[in-house]
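The structure under discussion is supplied below as structure tokens; questions concerning it will follow.
Just so it is clear, A, B, C and D label the chains in written order, and each chain counts residues from 1 on its own.
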Amino acid sequence: MAQPIRKLRIAVSGLGRMGARHADHFLHLTPRAQLVAAFTPDAKEQAWAKENLEPWGVKIYSDYDLMLKHEGLEAVCIATVTTVHAEQTIKAIEAGKHVLCEKPLSTKLEVCQQVFEVAARHPHIKVMCGFSRRFDKSYSSAYQLVTNDHIGRPTIIRSQTCDKYDPSGFFVEYAQFSGGIFVDCNIHDIDLALWYFSAASRGAQLPVVKSVVAVGVTALEPELAQYGDVDNGVGVVEFYDGQIAYFFSSRMNAPGQHDMTEIVGTKGKLAVNASPTIDMLERHTSTGINREIPQNYFERFEMAFVEEARQFTEAVLENKTVPVDLKSSVEAVRIGIALQESLRSGQKIWFDREGNRVDGAAMTGGSKL
Amino acid sequence: MAQPIRKLRIAVSGLGRMGARHADHFLHLTPRAQLVAAFTPDAKEQAWAKENLEPWGVKIYSDYDLMLKHEGLEAVCIATVTTVHAEQTIKAIEAGKHVLCEKPLSTKLEVCQQVFEVAARHPHIKVMCGFSRRFDKSYSSAYQLVTNDHIGRPTIIRSQTCDKYDPSGFFVEYAQFSGGIFVDCNIHDIDLALWYFSAASRGAQLPVVKSVVAVGVTALEPELAQYGDVDNGVGVVEFYDGQIAYFFSSRMNAPGQHDMTEIVGTKGKLAVNASPTIDMLERHTSTGINREIPQNYFERFEMAFVEEARQFTEAVLENKTVPVDLKSSVEAVRIGIALQESLRSGQKIWFDREGNRVDGAAMTGGSKL
Amino acid sequence: MAQPIRKLRIAVSGLGRMGARHADHFLHLTPRAQLVAAFTPDAKEQAWAKENLEPWGVKIYSDYDLMLKHEGLEAVCIATVTTVHAEQTIKAIEAGKHVLCEKPLSTKLEVCQQVFEVAARHPHIKVMCGFSRRFDKSYSSAYQLVTNDHIGRPTIIRSQTCDKYDPSGFFVEYAQFSGGIFVDCNIHDIDLALWYFSAASRGAQLPVVKSVVAVGVTALEPELAQYGDVDNGVGVVEFYDGQIAYFFSSRMNAPGQHDMTEIVGTKGKLAVNASPTIDMLERHTSTGINREIPQNYFERFEMAFVEEARQFTEAVLENKTVPVDLKSSVEAVRIGIALQESLRSGQKIWFDREGNRVDGAAMTGGSKL
Amino acid sequence: MAQPIRKLRIAVSGLGRMGARHADHFLHLTPRAQLVAAFTPDAKEQAWAKENLEPWGVKIYSDYDLMLKHEGLEAVCIATVTTVHAEQTIKAIEAGKHVLCEKPLSTKLEVCQQVFEVAARHPHIKVMCGFSRRFDKSYSSAYQLVTNDHIGRPTIIRSQTCDKYDPSGFFVEYAQFSGGIFVDCNIHDIDLALWYFSAASRGAQLPVVKSVVAVGVTALEPELAQYGDVDNGVGVVEFYDGQIAYFFSSRMNAPGQHDMTEIVGTKGKLAVNASPTIDMLERHTSTGINREIPQNYFERFEMAFVEEARQFTEAVLENKTVPVDLKSSVEAVRIGIALQESLRSGQKIWFDREGNRVDGAAMTGGSKL
């Protein structure tokens, strides 16, 4: 008789919109993981968990610290509100648990760096930030092509995150916690830029930011202005050594979620999702030809989240490097925060090669490189 | 503490290309099912099972009858070679097991009908033929639209199954068992035609075949002719009451698998997969813009197979009607066989409304309806 | 001073929907042609001509024979009702005028053959049937690729002509003259099949029809039945030597005109207009992503008609072979008529290699080739 | 007998790549225009004109001033090198000739303004800058939709001009005259932004620039740096009243010309050319599905140039307002120059509502609007 399979015993912290899905993925779609526990302080989420998780043998906790002590627990997937990501991550690391944390670690750079330092002191613990888009089939195929020199040197990256307009105004209230549109939405695009620009070195060598600049408008939700936020933002990030990434984010994309990315290289271009669709169905009616697109981020990236769970699980079980480098995730937050600051101040922000802010008056344009 | 989840205890029979995948789906991707056993007479497949199934607690059998006696077994997924589908299905039914059987039940109509009769005598047993395409998201969305009268009355269905050319010639050898291209490939398209044409009655009223005619050529594999088969076939099925389905199948589609379907109604048309692609990535290089398509049937329909497993499991556990009606599956074989016969004889074949063959000379054209 | 340009002096016969456009093309968009005369017996068309052609120096005639005597006239473009195509073509040939005649020459095969014989007796006169689709950029690019062996041997051709539904019922009345849907609509598709299948020989060797079979339905206009016609037709043409063409035509395509063609070869496939659109604009609104398609045949093929006029003009001026072979155009009518007959009788029709009708009972299926 | 048609007697100045095409369009494809003269100082171009224009009755000049005196001349299309656009335009206006001038009027703002003033002093003379993209069918359809409030208030415009890489290095040499990538390439995109943002007022109210910022890199042609230019540029223009346009230009697009534009409104988005193709043909071969795109700007916009010629001709003959407002064309140059300056200096540039440069330190970000 064969040896039974060893499964990673994992818990999910937070059972909101994304947390519930993470729980589902680890419970049902990640063969090598076993969801053993879940934490939520919220009564409604607990009720959901009683019905949907407990029957599958998952223990429900209302105390995070207690959950960390669940017998045999090896890893935690943190999907709580952003404000407690860092604290819970640190606690988990210090309790010897591997961590998959939803992006971003924090909307504050120093807090991110603190997590990074704690993780650095526990090198045997796997810590990974959940940049789900990297696990999407189209994005990962593009990465393979870039590393195989299919398009030459990646030079320009354009990437956008456009959400369907939510007339409930939820995102207006959320703006006070989200860190702003560049930290909340474009963080994915920034992560992709860092990923593809470092593809030649397989992630070892992150590109170095030279300047960031951003603008934005409040087209539908003027209330956002009080939080220094916008509902449409455009940001440009210039890297040393001749690379540029530019981003667009919008909270008012009419048909649904449209996230797309182009990687422009010296020999070709890769375009991910230039022509969005939710499936392979087109309707030919008297008004023309029509297709639908995903209604939200999860609908677009569901399988990427599943793949993320699987790859994290495998990395822990087989003691491999996690597929999203933590340093890169901190850098993404740094860039997002700088873009948000530029949006607010209206000023272009400059950095030297060591990452220190410098006076732009002394800097010269990209064409002089 | 909540009641633990009740899971359907299922076995998979046959662990070849598709069987191994069915096993994987029931084992890892169908939360409410538990794969408890698997049968294969093949040594190589048994070795695979030892490595990939046994460690997950699956018992491996080399005797089908013995497997049927596995304690607590409730259902069987049959994915052996077509020639034993019917026999195994009947044995399973008679042993009181629910059955999900790969298409077709048999390449012989009378054998299909025999299965149908056995199933009819065991009304508490669920028997479903695995017409996977119905579980694809695009196809099921199209079905919803048809039932919601989005395109008026479905009138013409065009559907094709085009496989990537396999230079190994496997399909030539296989032709002696497959029943021929219309039974092996277009059976899916025939099933879709029956499904969409009966959508108004939610499947209760199958369309009635009036005539079938088929032609074909052996473009790359002349050896097929000895089995009365071709590598490219075109078939037309005329139904009573003004509906037509026409089909194309090919074994030599250069870029990969391209199955597509159009449902033409009196008010609009639904097109599934007119513009095939494997993901959302396009490559812009000096030779133009390029995209890839799935390389085989499974790559195209993987998630549909998973959905099929889930819906079958749910139907059994909750005692619901299975989503693919067995009578329709028999009818699909009948039409496929008639097309293959027409291909071989060169003659158009006619049926009366009761399904009896009639002499075509007495029939009149469709325009007289 | 350079020699002034010699222009082809041409007349247009018939100024209905298409005739007016031909006049416009020769007048304004064919640099090497000079429209010198136009004929129409219709008062309304004459009024249009007075306003739109006469000011540009075009002489208007209400007598065709008189027009043929217009001083210096060299060529005639015939765009009258189909019933007089042949008579006018013969008169023009006998008057020594080159002829570009709208398709079809006639809906009667013997009349087509008569035109062909007259033309054959006047070898210095250019006679060309206006199969406009051949002059479309996408179709002619496809032809180049076929002749360059890009897809191997063309084996299967699928082609469709789908018109937007015209609720005025015009096409019902027209059905008594049109020759039926296969002669009126699919004639283009038949022509394309002959063209691509003879591409290897650059048109010298037409494929030889072995059998035709057709079915159809009257989905929206039952009145069509009295003329032996339908509003949706499917036809299959089998050629000797292993080639098949299958066709679809519809009068009820909801969004507009959708003509598409696939040429399946042993090494690849060319698809023309699989994903129709009228331009490069897509609308992203709350109902999804929407695009429009051409509303009628002319909107889709406008530039092809212009190119046709230019190539015909050049062929005459430079005494080159006309780009559409007259024999092929007669063959297209023969096939269209046979399909229409099969539609009406319900019977498959067989031909021997010399084009004689033979008894199908003696024939065998395509797979035996 | 009807009154003969009155045609606009026009001359073309400059017979280089674009000039020769303009001559062709006015000669052969603009029914209401008569090309009577052409000027070029270049021997090679003169030889071409002798062969291609003179036989059609066009008089060839090697002296621009002399050409202006051609008897009966009413209008001039200026397609010489950019450096003489302004001078020739002014001369033509002062000689009482209407002018269609290739973009840009000049790469120097003060020169543009000088032309504008001369034109303003001759209000009966039509002066139009040839922003060809506005005459493209997709772009003009988009304009109609915007004016019809199909997408709500236009808020964000993204537009790009990407040329196929020219390994001859022509564009490097040209960079010393072109004004730089933002003035040479993105000028079209800037024009489109001004057009769509002023659509609500039908062009009467141009949006007011608040700030511009640009970055760029020399990925393939480092020699460009000596001219303060780049081969890939990204620019962002912020307008007062909550509108943003952002641009990308590239000299190294591998498959060919890819110009695309998105107009994001509060209720929807219009996308022009998100999925580029040269025609409706796709090739399905063993490497996947492939399509080609236009190889250069003219191939993409040929029909737009023809339409431009027709609309200019009609505006003159019927004394209508020209479809491209001259003030807007000057504004486009002003923005292009500012972007180029920002690229070179690395600094963001600010303007007050009157168009005066102001100190950015005093300005606040877009989110405060």
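Before moving on, here are some points about what is shown:
Methods note: contacts are C-beta pairs under 8 Å (C-beta built on N, C-alpha and C of every residue); 3 or more make two chains touch, one makes a residue touch a chain.
To keep track of the chains, here are their UniProt names: A, B, C, D = Similar to NAD-binding Rossmann fold oxidoreductase family protein.
These figures come from a predicted structure and were not determined experimentally.
Contact tally for B-D versus B-C: the pair with more C-beta pairs in contact is B-C.
One simple way to say how far apart two chains are is to compare their mean CA positions; for subunit B and subunit C this gives 40 Å. Subunit B and subunit D have centres, each the mean of its CA atoms, that are 56 Å apart.
Looking at subunit A, one finds that residues 151, 253-255, 267-269, 274-276, 284-286 touch two or more other chains.
Chain-to-chain contact here is organised exhaustively, every possible pair of chains being in touch. If you check the complex, the residues on subunit C that touch subunit D are 1-5, 27-29, 31, 50-51, 54-57, 137-138, 141-142, 145, 150-151, 267-276, 279-286. Across the interface of their complex, subunit D is touched by residues 253-256, 258, 276-277, 284-293 of subunit B. Touching subunit C in their complex are the following residues of subunit B: 151, 153, 155-156, 158, 211, 213-220, 224-225, 228-230, 232, 234, 236, 238, 242-244, 246, 248, 250, 252-255, 264, 266-269, 274-275, 342-348, 360-361, 363-369.
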